[in-house]
Amino acid sequence: MNMVQALNSELDLRMGADDSIILLGEDIGIDGGVFRVTDGLQAKYGQERVMDTPLEELGIVGMAIGMATTGLRPVPEIQFQDFIYTAFDQIVNQMAKMRYRTAGRITVPMVLRTPYGGGIRGGLYHSQSGETYFAHTAGLTVVTPSNPYDAKGLLSSSMDLNDPVVFLEPKRLYRAQKADVPEEDYKVPLRKANLVRSGDDLTIITYGSMVPTVIQTVEKNSLDADVLDLRTLVPMDIDSIVASVKKTGRVMIVHEAPRTLGMGSEISAAISERVIEYLYAPIVRVTGPDTPFPYRLEEYYLPNERRILAAARKILDFR
Amino acid sequence: MTENVNEQVDKEKYVRAYGAMVLSRTFDRKIITAQRQGRVGFYTPTMGQEATQVGASMALDKDDLIFEYYRDVPMMIHRGVPMEKLLDQIMGNSEDYAKGRQMPSHFIARDNNFMSIQSPVASNLPLATGAAYALKYRKKNSIVLTTFGDGSTSTPDFHAAMNMAAVYELPLVFLCENNQWAISLPIEKQTKAEIWKKAEGYGMEGVKVDGNDLLATYKATAEAVRKARDGKGPTLIEAVSFRMGPHSTSDDPNKYRSNTVQDGSDQDPIILTEKALKHMGILNDSMIEKIKSEAERIVTEKFEEREKIPPPEPSTMFDDVYEEMSWMVKEERGEIL
Amino acid sequence: MTENVNEQVDKEKYVRAYGAMVLSRTFDRKIITAQRQGRVGFYTPTMGQEATQVGASMALDKDDLIFEYYRDVPMMIHRGVPMEKLLDQIMGNSEDYAKGRQMPSHFIARDNNFMSIQSPVASNLPLATGAAYALKYRKKNSIVLTTFGDGSTSTPDFHAAMNMAAVYELPLVFLCENNQWAISLPIEKQTKAEIWKKAEGYGMEGVKVDGNDLLATYKATAEAVRKARDGKGPTLIEAVSFRMGPHSTSDDPNKYRSNTVQDGSDQDPIILTEKALKHMGILNDSMIEKIKSEAERIVTEKFEEREKIPPPEPSTMFDDVYEEMSWMVKEERGEIL
Amino acid sequence: MNMVQALNSELDLRMGADDSIILLGEDIGIDGGVFRVTDGLQAKYGQERVMDTPLEELGIVGMAIGMATTGLRPVPEIQFQDFIYTAFDQIVNQMAKMRYRTAGRITVPMVLRTPYGGGIRGGLYHSQSGETYFAHTAGLTVVTPSNPYDAKGLLSSSMDLNDPVVFLEPKRLYRAQKADVPEEDYKVPLRKANLVRSGDDLTIITYGSMVPTVIQTVEKNSLDADVLDLRTLVPMDIDSIVASVKKTGRVMIVHEAPRTLGMGSEISAAISERVIEYLYAPIVRVTGPDTPFPYRLEEYYLPNERRILAAARKILDFR
């Protein structure tokens, strides 16, 4: 299955087993979603459970929160992450804070799915990687898969959680790879990073759409690197990060979001707070630049082999 | 509307309603005084909206859900939220349902189906649509009521919720408590249309009612509730009253308004309700006296009782961010405590 | 409305209007074909909305400002935006006004007072209110037109802008191009009310017009524009047409709809306009032929010409984040180039 | 003047000199603003220039952007920063990106003022420090003063800028100090940190409401520390930071916002990327915890002397 199929398969499985699951979003029903993640589900489960909503992200998210507070387990979709911001008040002030402000009397079990990132020639408004906006918000769990297997297993774990999850789907990878994905339900645990590849010289921390780019670069150039795929961005798996850094003493962080206050800043800060004495070299971030996302020049925006290698050289050659 | 609501309900129901109004007013006065004395941090008085809220509350069943706003004390009292819990919230003490986390006036009473309050106005409305959807989906007989002010009709959330409710024909009553002010902004500057007329733009029925008239509000809400329960979709009710007090204890209305309604004057909903119920032979002066002095006694007693309760333990501040505490919060707790 | 618009304007005006419609349709066909051939990345065809847009455009003055949306090619052509610049935008080449930064269909033509396009639908509307406020404040004689689709009426931005415009009585015309679809969602599922009726909930005038009727749209817009210019406030116009093509080149409408209007059929606004103008003695067959073949020639020629223009220099990607480049961007530019 | 008076004085001066300046917001006119920053201005400049708007933050910000694109220089106010999120799409997708998407053909000179932070018993929704949400957004300049003098001078520079500024006012400091503030217009430069105090052992980087707390702690405990007040959060003054770190080799960052992806993470990452070899100790962040902001226990939320000292000891005693 590719990632779209893996996600679709998980939604299908869970909806079949649990009638408290409701999908809602723009064009997710009869059209099956603009990326086809919900394809066929309305035909199977009906319009009541796979809702083609009006064009209001604020309403979609707010309505889902209301459902979640009253016993349902909604899985809303925002068509592109770039369009989530009219719902941002609902996300920050309602979804993230309901458990806290009611001392657990009301909870919001929901998975807010949305495709993010560049690489599909989407320009400023169909390419954003806004994970920071969610990751900075206490109360949210932020998850992003990097391959079809993880996508299905992480979605499954997210749907089990009794807290709100922002589930970021790297749209560039939707159809990029096929993998063996079990038909049945299985879990990939939250709050656990995946050590994708093991090495001694260097730790590369990444997630989502950048994972394949990093792996290819590492393999092609025979870098002897630990590659950590975070999977859950918040709360991130600090133990795995620290263990790897203690081993290698050299760290690179790769993501597509703009650098300033991108995930890389938190990872870097958390590392130097804990284990700076293990570091042989600066922690280097390879990221998108602090500009909006350009259309025609997007290949310059996205981190690539050349930039990862340049950073690796800088780190490995240090002192 | 053919049935005569007046005849449906017995006297006791009205006496209880009036009692809740008086208790709420007494509570208001007490908290405002306590705030001036530095015994309470903040409060948004409800004075002037008692008839609206209690009238609406009378139309609800026990299982109906309410996505309320910060000025709904009369409704909470009428629905039986213990005065203790209101006070615990205002004081933010260790027995507060929400562990003292929220500012005063941000009540929650899940047991009475009050679904908790956020500060950004009207952002409860989209949640109400979701809850109403859930009730409809589960084929429950309950409905949802959501409340908000006149100013709140300008927000994005109002628009989003109204449209969703209409499109999905939800069992939902929107009760706009038009007290004619949003802090310092009079309703004429908030919008150029009458609020009840906004319903039509969503394909929804809109109703305007005198929010100072307990019976009228009750009747209008009962009708909207019946419609919702019968699967006939949502209604927007505009209940017009007047914010008699300041916006909050931080606010000085003298800066921006000259027209007011005095506590106890003959435009005051409590006085108006007294008159109406006396006229109907339901209340008399001695009952009124008794209800008022009983309210005084309860509020004073309870206030002093709850004031003695200590604040929450500092460690509680770190709970309930997630079901399972994150390592960051654990670490931060360690640094702070 | 007493004046007869038909008589006010001369034949040439209509011929030019029809010419813009044809040129736009020809452009649409060309770009769709080019997209299939991989020569263009993406496009949102305008087919079906030509009469609406050109009719509205006819009512505007040169100095009026337009906060447009992504489907407004006919209006841009009618207002004289050079075809070269439309193509440069679609190709994102180095001569694009916006340096190839935006996806195709996100035009800008500041010289013609088109104020640029964002993707989040309807978020141009609040900007239009601000611009209209500025014009009013500066006592200019110009007005603002803002365009958007039927789906866009559900957004928060629509609500916010409609209310502001009404409250401040702004010189602003809201033109809702109701093409009856928002991607796969038909208008009946978008809202339970007619769009023009939404105006009343803001205390604004709402008007419904047949958006396939060039003259009617012109007339309705001219009236709204006159009102705005005279300081009589905003109007919401609902112009009903039909989205003849797919939502965009990425979309397959066969998945969700069976009813369509065929290019060239007798529900097509171009055919309808031809009929009307022929009937009025303004157009004849040979003129139509000439206009169409001329359009073909221009579009083909210009397309081939602009296709040869190279992409922007990579370094341009780092400009215009701030007036003065930040050190972060400088540093990142150094790493990337 | 206190900070409220300093801000009011600057708005008054500029409005008097330039009729393109328009203020808009909730309760800012006849009421003078809930914190009185705009007191008296409507009486002086009229309702057209000091607009009491309806209750819609989205409309306030969107309208201001529209004004700015057509020759005015609006200064909108959001009553509490906590309520800014319904306008977040306008901020991220319009205000921040207009210059870029039009290649400078349309610009947005505006100053979006809003009080932020805790310390006034405001609980979850009247105490937030959301600077990360703005600082992560390319195209925005984020400014926050820590005293009346800076408040006036930074507001003046912000109003001169031909780009959008998010101007965050630490509400706890509104009336906390009086200072000598010139009546006339003057500038405090943007993109420049202020070395408030000079020392050799330690660099403490902070801003806004935490500056007085840090200074008091440093003075009371005779810490020999550089204290840097960032003033502009983005683009921050990296040169001053690096210079100080090279001198002291020991760094603490103090802010009130939650730790994860708070400004401290970016500052820490930027330092360790550049001058890790100068560091003798881990970079330590003293911040608000990753929880919503509690009402009754707010004094535990805010960084204080005890926590700053504990961090200083940890840093100074390292190895």
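Letters A, B, C and D mark the chains as written, and numbering starts fresh at 1 in each.
In this text, a residue touches a chain if its C-beta (ideal position, glycine included) is under 8 Å from a C-beta of that chain, and two chains touch if they have at least 3 such contacts.
Given the structure is predicted, the values throughout are model-derived calculations rather than measurements.
Asks: Of all chains present, which has the mean Cα position farthest from that of chain B?
Replies: Result for the farthest chain: C.
Asks: If you average the CA atoms of chain C and of chain D, how many Å lie between those two points?
Replies: Centre-to-centre distance between chain C and chain D: 39 Å.
Asks: What's the distance between the Cα centroids of chain A and chain C, rounded to whole Å?
Replies: About 36 Å, centre to centre.
Asks: Cα centroid separation between chain B and chain C, in whole Å?
Replies: Distance between chain centres, rounded to whole Å: 45 Å.
Asks: Hey, what residues on chain B touch two or more of the other chains?
Replies: Within chain B, residues 99, 101-102, 106, 118-120, 154, 156-157, 159-160, 163, 167, 189-191, 321, 326, 328-329 contact more than one other chain.
Asks: Which residues does chain D have that touch at least 2 chains other than itself?
Replies: Correct list: 54, 56, 58-59, 82-83, 85-86, 89, 93, 97, 100-101, 124-125, 138-139, 234, 260, 290-292.
Asks: Taking chains as nodes and touches as edges, what kind of graph is this: line, ring, star, complete or other?
Replies: complete
Asks: Going by the contact rule at the top, pick out the chain A residues touching chain D in the complex.
Replies: Counting only chain A, the residues touching chain D are 58, 82-83, 85-86, 88-89, 91-93, 96-97, 100-101, 124-125, 132-133, 135-136, 138-139, 234, 258, 260-266, 268-270, 272-274, 276-277, 279, 281-285, 290-292, 319.
Asks: List the residues on chain C that touch chain A in their complex, please.
Replies: 41-42, 92-93, 99-103, 106, 118-121, 151-152, 154-157, 182-185, 189-191, 250-251, 255-256, 311-312, 314, 316-318, 321, 326, 328-329, 332-333, 335-337
Asks: In their shared complex, at which residues does chain A touch chain C?
Replies: Within the complex, chain A touches chain C at residues 26-27, 29-32, 34, 52, 54-56, 58-59, 80, 82-83, 85-86, 121-126, 259-260, 289-292, 294-297, 300-301, 307, 310.
Asks: Help me check something: in the complex, which residues belonging to chain A touch chain B?
Replies: Touch residues, chain A against chain B: 22, 48, 51, 53-54, 56, 58-59, 61-72, 74, 86, 89-90, 93-94, 97-107, 138-139, 141, 161-163, 234-235, 238.
Asks: Give every residue of chain C touching chain B within the complex, in rising order.
Replies: Touching chain B from chain C are residues 154, 156-160, 163, 166-167, 189-193, 197-204.
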